[in-house]
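Following: one structure in structure tokens, then a few remarks.
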């Protein structure tokens, strides 16, 4: 079976949820991957949405974080204050799954503005639940399409903290979660260098050239000596993903 | 119809809820009076219990603040944190209805200890919801049996604040509620003197001698010049009260 | 007891020029009909408050009703940008709009503080981000027991909260179920409240997951069937995803939006 | 996923000498069977935490399991005093007991802070009373926006929370309905949790007013029919008011209580 770069990205992201108990699902690409994980490597995974749905088991891909099916299939639906205060904040959720408009070399995220805050070139949607997901989940995983304007050297605005200025910054701020342990794109997988916290290429998707990844990255990309090639999507993974997305597109719209 | 002193007290207390929208019902005697009010002068009164029942409409007298019937008949049942934080604390409840082991001349309440706190002569149940009911309801009404050891000059322990040391004390502490506007006993009705905040006798129950009230009060009782005699309980009030209490006693136990 | 009113009466009585108005709804039960009635009645200089401003806020902003927006995520869920919102922020069209921006956790806790009669709430949030640099309603508070520094957010107490629910009874007791977001907190934090409902019934049958607001904390209730369209009302109708899609081209262009606005206000 | 265990196993695994243990239940769903199992297993030096210690705490205190009691109201609801509790406080029998005393609002907010991963909570409380003079877990905090002084209470994070619920499924998802008090907060604030249930079922049917705790936040679940007796379990059995009455004479006298204790521990 052949696949698209987006499918490779989503399948890789879903695999990273294997063995996890709970995932706080941010709006966007992550939702597709998290729902795929429940259909493949992690059927018992508890999906938590900021709308208050805990243990949602949607049969079709949600178009928003508050789709009716999320609440109807959830183990519990709680208020929005409760989902943030009782469930996210104490650090009881294993993984936070986030998208981003921009992510920098240390995994910091911008979803607020491009350009000056008061007179921005592009006004983005804003923070939503991301700042506290990035702060409080035990670990976070970021999923974005790999473009130079998305993976940037520095951010003009930090909406959600990754590793900040580098090693020790999160701890100094008293944050409990480990931060972005992985950045998954349509070209490969980046992980922080233990010494510098800089995101480095650890795995490249089949058929992608390292130079192409370098060219699509907004900073001088370090490639790990032990660079792996990402395992191809299995037929089972692709079938599960496609059935998810078709069923959803028949409902109109796509994931934000 | 003849009546007992307790019935006179309960009927008088119930009458004081006429025209109120909501009543936060403390444990004890107040619960009987609040439930009687719903059957007589104030059928639309929303009874709120610290167990989380809002708008409870029990058919029999609750034996505790958490009886099943309170929840089953309520407009809403919320968590205990919510009942205190969202419902009591902002001051949206008209009347707080409290009992007491001891009440002093300025309406301060003790339900904690008699004697030294660390080695008490009598250990009482403690605060429960009373301190914040007394602080946050728009007004509070206290119901106790009239005895010298109950209506005392000074308290060894203040569990719930009435008028504190006197005029201005509540305001100085930033309390929002007006405090104890009335003390209802089995002998009469006491209200704070506007100038001193001291509880003074404004109404005496039929057949009770003023000297008897003086003798049963732990401070030199001021009797208002315009002392009234409390209206006798009507047959309707007594019938409603007796049907309430019989039905409840058939369930065993009495109200704490 | 809440007053039963028509939508037009409710908006006329409760929403005034210059008010701070929270039309809340977290994807589900969004009070869209009430928002469009506010446009129809030509309210101005509103401070619009909402965690997740979406299409109906894009419409209010494009119509020039809003002087300020207090929010934590503004977009067209499942589609993309709110173009009227962006045009206001990026180009001050049709008028400049001041924004006060938070995270969801911060906004939710601001409503909780407002509903609880407290001036602020405490959370672990905003740390290391640039969000707090641009708002005066985020500060630091120190734990008196541990000395730990935590984040404080100022209470939100709107002049009026507007929400949509499935049902109310004739006394104005309101019942909603499914994803109920932050609506209870918004109503309890506000000085006044208007609740639109799918139907007014004699008796509210208990429902799993239902939140009930007693009539004595609600100012007015208006029966507005499909009042949450194009969002959904669980048990009544599904989300109209095509409408969210079709809003994008309308919202992109000032003239197309202008024509949409004429139709709505003519209605 | 929570482990399914017997009551004896659950108590043996999760409740240790010296632990801070919260057996919560607000009149409804009181985990009495679990409390008596703790007596049977002879736990010592426990810090017992509960808003409303009643008969089962009287039994634990009389049995000498407790070194400390953290509470806000201690009595036999509908009857009167807890005589074993009073004997411990007034006469240090069977052993001295240290008490830490709060108001309900304070205790509820201490659990909320614990469940929220915060070191303290803010409320309007205790002001002008003598309660705060006798506890180190009440302090003052100043609003960074208004300068207003408010009350702070320290978070409660028990080593183990024990609650009783109507049902659980085989994955340990717990469902309770009716008056659910502060049990969710107690479980979420605690390091470990033991939930006794009336029955373990294949599927949890949705119930109006139900609170569900997912199995992944619960440590262990034990099926203990009538485990809340003499309190009640809505949908299963009523409150046994006669038992509350009959406890009074048993509890009044050390010897009568001693005989009761022998029977329970022999059981």
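Every chain is named by a letter (A, B, C and D) in the order it is written, and numbering of its residues begins at 1.
The working rule: a residue touches a chain if its C-beta (ideal position, glycine included) is under 8 Å from a C-beta of that chain, and two chains touch if they have at least 3 such contacts.
Small disclaimer: the values here were computed from a predicted structure and weren't measured.
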Among all the other chains, which ones are in touch with both subunit A and subunit C? D
Higher number of C-beta pairs in contact (B-D or A-D) found for B-D
Could you put a whole-Å number on the gap between the CA centroids of subunit B and subunit D? 28
Rounded to a whole Å, what is the gap between the Cα centroids of subunit C and subunit D? 39
Whole-Å distance, C-alpha centre of subunit A to that of subunit B, is 56
Find every residue in subunit C that makes contact with two or more other chains and list them. 112, 117-118, 123-124, 148, 184-185, 209
Subunit B residues counted as touching two or more neighbouring chains: 85, 89, 136, 176
Provide the full list of chain pairs in touch. A-C, A-D, B-C, B-D, C-D
How about subunit B: which of its residues touch subunit C in the complex? 21-22, 44, 46, 54-55, 75-76, 85-86, 89-92, 136, 176
For the subunit A and subunit C complex, residues of the former touching the latter: 27, 50-53, 63-68, 70-72, 77, 79-81, 84-85, 88-89, 112, 117, 119-123, 125-132, 135-136, 157-161, 164, 169-170, 173-176, 251-256
Touching residues (chain side subunit D, partner subunit C) in the complex: 116-124, 137, 139-141, 143-146, 148, 150, 152, 154, 206-210
What residues on subunit D touch subunit B, complex-wise? 26-28, 51-52, 71-81, 85-86, 89-90, 101-105, 108-109, 111-112, 123-131, 134, 148-149, 178-182, 184-185, 209, 232, 234, 238-239, 241-242, 244-245
Considering the complex alone, what residue numbers of subunit D touch subunit A? 1, 112, 115-118, 173, 184-185, 188, 211-214, 216-217
